[in-house]
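Next come two complexes built around subunit A: one with subunit B, the other with subunit C.
Presenting the complex of A and B:
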């Protein structure tokens, strides 16, 4: 009797979760994130009327920055490190397909990020309560957007991780994430480089995932509504880009020799 | 074995594999050339060859870790691409590396989950196997604190976690002390008693001679010989080795014809004696008041075979294993 594909994916995911929670780098980053959230409390003391905005702004930025660092630095090692160390050999000699391994790794780190964001969100709410603010459900919409962006970072990190070394994969993923956060610059490239061909600008704009789509921080901080339709759209956007990245990763890993 | 031949559990047909070497002016270096072999149920099959002869490459192809340039293989009746045979097989890689953040018990449990074993079976089997490989006292110690030999034992335990019909071991004695090697030998022999099939690579010939029903010998990616040891080796007695001590044993003179060599080892003398000269040599020893310590018939060993068939072409071994 054999395990189903889902069972195997869950086995890899739970082991990946166990691996990530035993990584020292995770705790370092989480501690920094909490410190940054708390620093929002101190900064809010400097402003009489804007204290709530500052706490929210700094708290969400901390989740964004440190979540991205966790997704990137742990994500790039998930496959390349295992290829280098040959720890995949005994696993792939088991009834485990390479795509199941990738999906399990993705799900495992995705769950770690969910737990981390959950803890940091709770910290942010506690900070807001400490300043006398009530619960604000809108904040969760911004956190959801952040989480989608982080999942996409993991998918990209896994893709590069199957293609090259951890260091190079980190550089490539970081570059793509930064480019994706400045996608407006790509769109306005012809203003800076007048000779740039339109097709190239369009290609770059659509090929680079637009991480600004996941950013609802400003709307939440300034009390603007975040429509459900907008959240649904970015969910589809993240799913489509994530699926493409993971499919490419699977294609790269499928016939790769693991000497 | 008698009667009809046992079921084929592993069949390799015309496998070839080359690795790309170099970057700027990359060239292909053949690691395996047109390899074909068959392993039957219940056998202990030794896969022999010097370092770089292609043993590990073969096993990695079988395990789906590297892909052959040409050829095919079936394991337990299924093609390599099929996952079904992996539920019934176990594999110990060469110099295994396991997740060092896990304990031995956690690692075996993880492998058991991948094989679809229920929790209760995993719990019982992990404890039993760790006890079997002598790690019963270290089940909850992180693997990062294990020595090389202990990791090799964990590797053997994980290969057996699904109670496999076919066990494939890549250099199973590597990194083990004499006690560990004895343990692995006992486990392999016990697997045969359970009618399991063991296919293992080694370059330690004494292990193969002690354990194997059949062997295949590889040199520079090509099969040199395959079959029962009696088919590969000349098992006729070539000469006798006589060890004697005491008396007036002048190693330099007076020996009957047929005593081909004599060597003084401290207070002992070692003689190489042709079969027809054995009795005169023993009488000569008695006349000189010598004491015979042992008389051993000498047959061709795997080492002799290796030295004769494989070693002269050592220059051709520089291939990636």
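Presenting the complex of A and C:
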């Protein structure tokens, strides 16, 4: 992929960003996320001590939940909408590869999520500031983990949106995201089903995206160290799994009845 | 749209009017007892991967609200859900220190202040010590509570000595453990423990509770001296005094007839016994 390929990807990404920031669902979810973060202030008033922990728990969980919903609901529409509206046909009749289209869509929504997560993080810091706490850079490590998870949700949503309708893609992506949060249950499946073959358990464990990898909320809230090496490996995992999902999406798009 | 505007102007006030009518017609059932659908945090933990800590906060808030509501508004103060709520909270977040600390005091203190179930409270602190083995303060609380609520001076002292060996532990823990062993049934040791607790804690429930317990010990001392005065009166007169005024001829040491919160001690003329009055915040019942 040369410089012109990169230019095309950036053009698609920029269009996708403009398109996604026009989505009403985005604003609804962001408003809910802010409200949830602010509710941490109220909840902390109801508790005895540990107000800081509650504000952080609520704020990070809001980012996680609403970020995932944004990635999911906007992500599944990125390609399937184009297919439904038949706007993909003229797009691909231009000198634009399917891979470039997918990468552009992925980068565009990825940037939208980055902006949103940045705003939510600012909201969380302001909420903490309102409770008299100083800036805490360690929180950014948890936010980075959340962002990696959201990028993986986008990659999965793109994959399913090339395979099926928006609704079904949303259901499939949601199911996989939920399954990925239960990866430790999958790993310990033989405790519950002793007869389950080890190869099957291992296959499932490695096949399902491990969203537990990206969860540093507890460590950050309790001030435990989050090693940089751990973050680097998790980044590599997200990159590898995301690349697999996007290349599968490209293959699926290639087999579609498109020009 | 313009034509429909007057319609909603009329419709908006209609809603509260209808609601008032509904309220008047329909009898609302009294809220039933609170229910816990899931009784173990382990089940709950499985349902919310990645959000266990958020749920622990929610359960902790529920615990605090439940405790406050039972304590202030319930007639029978059964605190039935208190222990399971604290268990669930600490299963969801095994590092939530306050849940062990406050949960134990909520459970151990006798009614009306707490549930009056010291065994359950001690189990919560033991769980805390297992989950946070480097936390000397939790271990210190476990030692205190064993002594104060179970009367287990030997066990309490042993736990205090364990706490004393942890990094950052207060230097006086070992000597307090020795005192506990030497004077196992001494009110002075209890006073020392509550005084330390009062000094250590920040403003709030634990500090207030420690102060109440210190005042209660003073009140118990005063009650003892009053009852001794009653005995002297009985020997002299062949009967107990009819009321506290009759003791004026033989005033007890210190001469106080009210507890440190200002509530007069209750006097039973039949038995000839003084006690902390039920109306006093220093009064403690049984389980």
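The rule is short, and it goes like this: the second predicted complex is superposed on the first by the 253 of 259 C-alpha atoms of A that agree within 3 Å, B and C clash if a C-alpha of one lies under 4 Å from a C-alpha of the other, contacts with A are read in each partner's own complex, and residues count from 1 in each chain.
Keep this in mind: a contact is a pair of C-beta atoms (placed from the backbone, for glycine too) under 8 Å apart; a residue touches a chain by one contact, two chains touch by 3 or more.
If you're wondering where the values come from, they're calculated on a predicted model, not measured in any experiment.
After alignment on the shared subunit A, the placement of subunit B and subunit C results in a side-by-side fit free of clashes. With both structures placed on the common chain, the touch criterion links A:215 to subunit C but leaves subunit B unconnected. Of the two partner chains placed by superposition, only subunit B is touched by A:89; subunit C is not.
Judged by the touch definition given at the top, the superposed model places A:53 against subunit C, while subunit B stays out of reach. In the superposition on chain A, contact of A:190 is made with neither subunit B nor subunit C. Contacts of A:175 after superposition on the shared chain: neither subunit B nor subunit C is touched. Judged by the touch definition given at the top, the superposed model places A:64 against subunit C, while subunit B stays out of reach.
Of the two partner chains placed by the overlay, only subunit C lies in contact with A:43; subunit B stays clear of it.
The vertex angle at subunit A, taken between the C-alpha centres of subunit B and subunit C once both structures are aligned on chain A, is 150 degrees to the nearest 10. Looking at the shared chain after the overlay, A:28 reaches neither subunit B nor subunit C. Closest C-alpha contact of subunit B with subunit C, superposed model: 21 Å.
By the touch criterion stated above, subunit B contacts subunit A in their complex at residues 19, 60, 63-67, 83-84, 86-87, 89-93, 95-99, 101-102, 106, 110-111, 113-116, 155, 158-159, 320. Those residues of subunit C lying in contact with subunit A across their complex are 46, 49-54, 57, 60-61, 64-65, 95-96, 98, 102, 202, 204-205.
On the side of subunit A, the complex with subunit B involves touching residues 1-4, 7-8, 11-12, 15, 18-19, 22, 85-97, 255, 257-259. Those residues of subunit A that touch subunit C in the shared complex are 43, 46-50, 53-54, 57-58, 61, 64-65, 181-182, 184-185, 211-212, 215, 217-218, 221-222.
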